[in-house]
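In order of appearance the chains are A, B, C, D, E and F, and numbering begins at 1 in each one.
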């Protein structure tokens, strides 16, 4: 996004909004992760405690999802940068 | 929308930032609860719908499901915290490039 | 949630917001129920009227979903109370 | 956000509560419509996508699907109303404990 | 919806809100279409370019979804009009 | 919520319409990114979760998936633009009847 035509007050406003969105995005990713990993890893309800196998699955699922998001984010940023360069030429 | 009010004091002595934080907390817990309802419904409730009541098996399953879902929330939360810095990086990648002022 | 550090005006604001959220949550549950029960119970589109079998399924699905939500809510509240007690000791 | 304005009359004679209720209604109908589009798409549209047009079977299916979806909405609405008190309890359970002032 | 009891200023406000919602609805439909058609049509990740087959599928999926939405919208509007007439009699 | 402020200049020289448009853009890109993450996760990541790292096959799949998802976005966007008038009609059908003032 391009904020070069924003004055100081407008930039300050946008910074506040972006910070708020980032917190909301983080919270959304958190509950999203809980839901996704629970749905994939927990299939035995004969006990209320997490089994060792389930716990390992949850940990790997969380770790892998974050690495996945990071990789998607990196590729996405590269493509946006390329698109922006193409536009400026 | 406290950001539209600048730093002027709100009418009636209301601290808009405090309200905003409480609302964020409320929305987060509601979202979490709704996902728990939905996940445990998928795990425990038969979709034949032959009768309107929860049977014994479904009821027991729900109780365990809620406990397990909460445990998963804790585990994932701990993981995210221990990853701290890495997460911040992921957050930046997610909004990569297009939110820098 | 703990609103003990809220003054009178702030508590009044929160009450209004919570009431609004409760109405929104109810409306969301309503459309969610319609979607979920329709998707599960209606699979015959040779007629536009609900069959007796479909209608029974819809009624049971609705009733059961509400009882399910109530039970999840009760267990969830218990766990929160326990967690809060543990924190205060 | 009428709650941020207290009871002061809004500029230009706008009744903020009336606006808020109309917006809630608009959002509710839109949400309902979007779910109908999505459900009927899943029920009626073949995912092979061999041609860009709705065929006869799909078109007839959509018409019946919309009628049936509306009927389901009515039935569920009646059920929720007849349950009244019980629902209120469910609502409280959902926000159980954490929204009491 | 019935706005007959809205004064001029209120109608102007609602018009602005509705316009904003229509733009948001359009953007939501756009990303929804991308997600839905991608999920259905793209299943081969041995190449990063869209194959001819995938591209045809995406185009048909998009076109068909729009026609589907239009038809649902038309039927929905008819039913609402009927319901409204029934109420006024 | 610029519509609640009428045409009065906002405090501090902030153009509320400009802010609103930037927020819409931000939310649109975020929504798009989240759907891309979710779709590519479903396409590329094995749900066995035997180890915490992306393996070679998954990594390559993600790279291609992102490129393909972006191409699909372009194709769909072009289609929507070329349909222009028809889309406007669809939008009206969607909010059919209930939003006319």
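Throughout what follows, a residue touches a chain if its C-beta (ideal position, glycine included) is under 8 Å from a C-beta of that chain, and two chains touch if they have at least 3 such contacts.
What you see is a predicted model, and the numbers here were worked out from it, not measured in a lab.
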Considering A-F alongside E-F, which chain pair is linked by more C-beta pairs in contact? E-F
Quick one: point me to the chain whose Cα centre is farthest from that of subunit D. A
Using mean CA coordinates as chain centres, what's the subunit B-subunit D distance in Å? 22
Per the centroid of Cα atoms for each chain, what is the distance between subunit C and subunit F, given in Å? 28
In whole angstrom, how far does the Cα centroid of subunit B sit from the Cα centroid of subunit C? 15
Among the residues of subunit B, pick out those that touch two or more other chains and give their numbers. 1, 4, 12, 14, 26, 29-30, 33, 37, 44, 63, 65, 67, 94-95, 98-99
Sequence positions of subunit C contacting 2 or more other chains: 1, 3, 6, 13-14, 17-18, 21, 25, 41, 59, 63, 69, 73, 76
Which subunit C residues qualify as touching subunit D in the complex? 1, 3, 6, 11, 13-18, 20-28, 30-31, 33-35, 37-39, 41-43, 45-50, 54-55, 58-59, 62-63, 66, 69-70, 73-74, 76-77, 80-81
Enumerate the contact residues on subunit D facing subunit C in the complex. 3-4, 24, 28, 31-32, 35, 38-39, 42-44, 60-61, 63-65, 67-69, 71-73, 75-77, 79-80, 83, 86-87, 89-99, 101
For the complex, give me every residue of subunit C touching subunit B. 1, 3, 6-7, 9-10, 13-14, 17-18, 21, 25, 40-41, 56-57, 59-61, 63-65, 67-69, 71-73, 75-76, 79
Enumerate the contact residues on subunit D facing subunit E in the complex. 12-15, 18-19, 22-23, 25-27, 29-30, 33-34, 36-37, 40-41, 44-45, 47, 49-54, 58-59, 62-63, 65-67, 70
